[in-house]
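The structure under discussion appears below in the form of structure tokens.
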Amino acid sequence: MKYFTKKLFTLIITLFIVSLLAFLAFQVIPADVVTSRLGTNATPEQIAIMKEQMGLNRPVFVRYFEWLSNFLQGDMGNSYVYDMPVNEMIAQKLPISATLILLACAMTVTFSIPIGIFLARHAGGIFDRFMTVLNQVFMSIPPVFLGILLFGVTLTIYPPEFSLHYSENFWMLILFMILPALSIAISRISMTVKLLRTSLLDEMDKNYIKTAYSRGHSRGSALRQHALKNAILPVVVFIAVSAAEMVVASIIIEQVFAISGIGRLLIASIASRDFLVVQAIVVLLATWVVTVNFLADILVQYIDPRVRLD
Amino acid sequence: MIEVDEESGNFAMKNKGISSIFQGKNVFFRIGSVITGALVFLICLSTVWLPYSPTQMDATAKLNAPSFLHLFGTDHLGRDIFSRVMEGAGNTLLIATCVVLIGCIIGTLIGSLTGYFGGMADIVLMRVCDSITAFPSVLLALVMVMLLGRGKYQIILILGILFIPSFARVVRGEVARQRNLNYIYSAKLMGAGHARIIFYHILPNTISVLLPTISIGFNNAVLAEASMSYLGVGVQKPDTSLGGMLAEAQSYLTSAPYYAIFIGLVIVLMILGFSMLGEGLSRNNATN
Amino acid sequence: MLDVYDLHVKFHNAKQEKEAVKGINLHMDDGEILGLVGESGSGKTVTAMAISGLINRSQATCTGEILLDGVDILSCDRDCLRKLQGKDIGVVFQEPVSFMNPVKTIGKQIEESLVIHSNMTPAERKERVLYVMSAVELPNPEQVYHKYPHELSGGMLQRAMIAGALMTRPKLLLCDEPTTALDVTIQAQIIQLLKRVNKEFKIGILFISHDLNVVRKLCDRVVVMYHGEIVEEGKTDEVFYHPREEYTKRLISAIPTRKKRS
Amino acid sequence: MQKTTILQVNQLNSYYTKGSKVFGKKNATQVLKDVNFELYRGEVLGVVGESGSGKSTLAKVILGITNEYEGSIVHNSLRPQMVFQDPYASLNPAFTVERILEEPLLIYGKYGKEERKRRVMEMLENVGLSEEHLKRKPRELSGGQRQRVSIAAAMIVHPQLLILDEAVSALDVTIQAQILDLLIRLKKEHNLSYLFISHDLNVVYQCCDRVLVMKDGEVVEENTVDGIFDKPQHEYTKQLLESAQ
């Protein structure tokens, strides 16, 4: 248990640092905020008054803690562009993006592990060589291109009005999200399959497998009962990293499929220099990345007794 | 040659290092170098000669399908897609090369110094590198775009900085591993100074680890540039890049699907070439 | 109990072929301790792997006959081999640490052959495991049962390996350099343990090693191998004190014993 | 003849700090406890003990490879060198044999190209290797050949003291005998002194003049080699002798 609390502690610390960095990053450009509100020919006095009004000239740390306490209570300030509470804007769009990312993660886990084991089980021979090359090709198809191709497919098979109000009920949302999630997941699945296959084959060459054979195990039972548990360790860590990387892919896929999720909101806010929105989304995404890595650490610690020691 | 590994009873294939790549049937390396070689050749050629100038519009030939005249067909303004794709690919490759150069050179420097001397700097720098690599590079890049603005040079700077940690970590790991191997102790006993040990003794062995990282770096750089330009935060209007063209091509998906497909194919080929090269190199390291 | 007739083992890959064992004949009676001695490259480990059926048949081809109580190991297919491995043949390997699964408990790994070859209930199995663990002098078996390999010393792990090989009372215990990775004092204890196991469980032991001192203390008969062939065979004292073959003489004289080098 | 001391070690204590060095001796385990001995010119001093007795740390501390120690080490020898146990990790995999042997001369920097070439060839023959090994990489050599190259690399700078940390333990018995003969010949030719570290009592008996027996970082017995083997005093020495019998 000591390991768990220690890890939880580092999780909170990292989140704290991330939010501080995100906040500081945006302090560097307050001037633009004011000019964007007042227009470029604002006089210095007006700028000073506006800054005073927005409380921009109080010491940085004071503003940070104030922002943090509001943030934790859900008040992320008002968007400069739309002048409506940021948290409302995000709350509206978060479920859509969450479905997309979680669906893609689910696909990655459910497809890559069985395929990886199957390929390791039947390694060697023409089929294996063919599948490895195919896997390499799928790995190289970037989500943006795959998204566009699948977007073409949605235009043909989904009725036009469907894509307008897909977010009404849950099942329509899931149905709509299948192709976008697939375009995110496919390259990740092939990477995970390659990693699991190589990791399994490496473990099968290890000495303890020879002991398993000497006890009467067949190749299949040795793989399942001995090699798999060792081989899955790097895969768990990779899936956590993939969950983080898929956030980026989802931002692009939202752009491709015109899904109004937080990804598209982020891009729009960057273009319109709407800092509070960008800052809130970045911190949200960072929390997802850090939490996923934390879960992976816990899972690895649960599987591998040696890690439990330190 | 075959050497029967006496203890474990299975035979071990021993080959002779980098030179063995070419005779050995390292399929990945061969395919990778063929694809990358062809692409790089085409791109270099395109700087000198192109069937059409990328900006020359031909009002009569808008959105023509691929034909002998226009290998990839023409776009909505009648420009030859093949020429534009080649120019875009050139830009993307240029950006990727600069990004990898920045990341590799500075990363190797930081990695070898922290790996060799260790101590407080090593711990702090490695913590920083770990936290940066934990975040997807494009996400951080999006934030940095707001600080440094958009455009070709900004994106090179941003991605370059973001690629330093991955190189630094790989080099540091390798240098730290070698630091307490016996041949380094012997070198010290012979009176070799720190600089001589790092550059003459440690780095030659690190190249074999660095090569796959470089090709995977290219792979990620191309991917990142394409994504950012597609989102409109990368390369800006007068300059062309595959990512940006992809965004344009998407709106003609139904009327001219070949437009997006050809752009996408070139990106896939680039990434495939580099990733296979990287795979071939790391497999070669594993066998010797 | 064990008869090997004209055993050849050839390793092959696309281009080359290398013969590691060039036609050897062996014989072992019930309950005998036979030493298989030779330097690296002599083929002694490959012979052991062939006898225990652990040679990867895609990398190597074995010809000749290996009869364990009449059953020819080389001619029987995968399934019949699997019935043999772990039931009639137990194997103990060189460095215990890498031959044990790091993420499974000691108890689970020792009872492995019982799980495969017997239909005992988990309780019966655990009781059997604890009995054999105490038989191989593993201190407080109850706790060690739940421990992981990285929590035990080399000597203790090797005893767990031996326990694992003995679970189904095999006819033949095949030991491939079991003492090489251990300290001298622990080495002596493992040798005593193997002697006691041989008497108590009446199990024949095929002991493979390059350490002639260990073989001299443990084995009844010795076979000397060089470049895949048997150079000399005989009672341990015969071979050690008045060796016939030239190579054996050189091998024995090279053992660092109590005489000054000129 | 008057014995000149090549190496003097007194009150040597060394701690191994688990975890990073930066936070001081958090949970340091004592590796060497109050070690004292002297080594004379032309003498072979054996250091015997089981794994974990601190003998390898002793070697590294004496040559300053690790400097976490208290007590004094007085060197009175020029350019001491070391030969390690694992032949696979003691030669730089990126270098050819020629480059490995030339490196110490390059560092020393006094010799021209021909002079270096001549010395390399001379040392190569001296350790029983030949011209054809020059262009080979360590990966293409057998264990015995590698150990010969590392001995050659150590000898080329004409050291007066050579520390051999289990230098023959990883080799086959027949090759072990050849390397021991080579070491004894070189010692006689150049009046060298060896610190011969090994866990194998029989090997130590063959080529050492005096022996230190170490247990858990302490020297439990020090005597001439015949003294140790014929009339062992300490209980642990007896146990070691008995199990190596």
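A, B, C and D are the chain letters, set down in written order, and residue numbers restart from 1 in every chain.
Throughout what follows, a contact is a pair of C-beta atoms (placed from the backbone, for glycine too) under 8 Å apart; a residue touches a chain by one contact, two chains touch by 3 or more.
The structure displayed is predicted, hence computed values, not measured ones.
Among the remaining chains, those touching chain A as well as chain D are B, C. The busiest chain interface, judged by C-beta pairs in contact, is A-B.
Put simply, the C-alpha centre of chain A and that of chain C have 51 angstrom between them. Chain centres here are Cα averages; for chain C and chain D they lie 34 Å apart.
Chain A and chain B have Cα centroids separated by 22 Å. The residues of chain C that reach two or more other chains are 40, 54, listed in rising order. Within chain B, the positions touching two or more other chains are listed as 8.
Across the assembly, chain A contributes 207, 210 as residues in contact with two or more other chains. Looking at the complex, you find that chain B touches chain D at residues 14, 16-17, 119-120, 123, 181-183, 185-192, 196, 200-201, 204-205, 288.
Residues of chain B touching chain A in their complex: 8, 27-28, 31, 131, 134-136, 138-139, 142-143, 145-147, 219, 223, 226-227, 230-233, 243, 246, 249-250, 253-254, 257, 260-261, 264, 267-268, 271-272, 275-276, 279.
By the touch rule above, chain D contacts chain C in their complex via residues 50-51, 172-174, 176-177, 180-181, 184, 199-200, 202-203, 205-207, 229, 239-240, 243-244.
Within the complex formed with chain C, the residues of chain A that make contact are 124, 206-208, 210-218, 221, 226, 229-230, 303-306, 309. By the touch rule above, chain D contacts chain B in their complex via residues 20-22, 60, 63, 65, 79-82, 84, 86, 89-95, 103-104, 107-108, 137, 139-140, 150, 153-154, 157.
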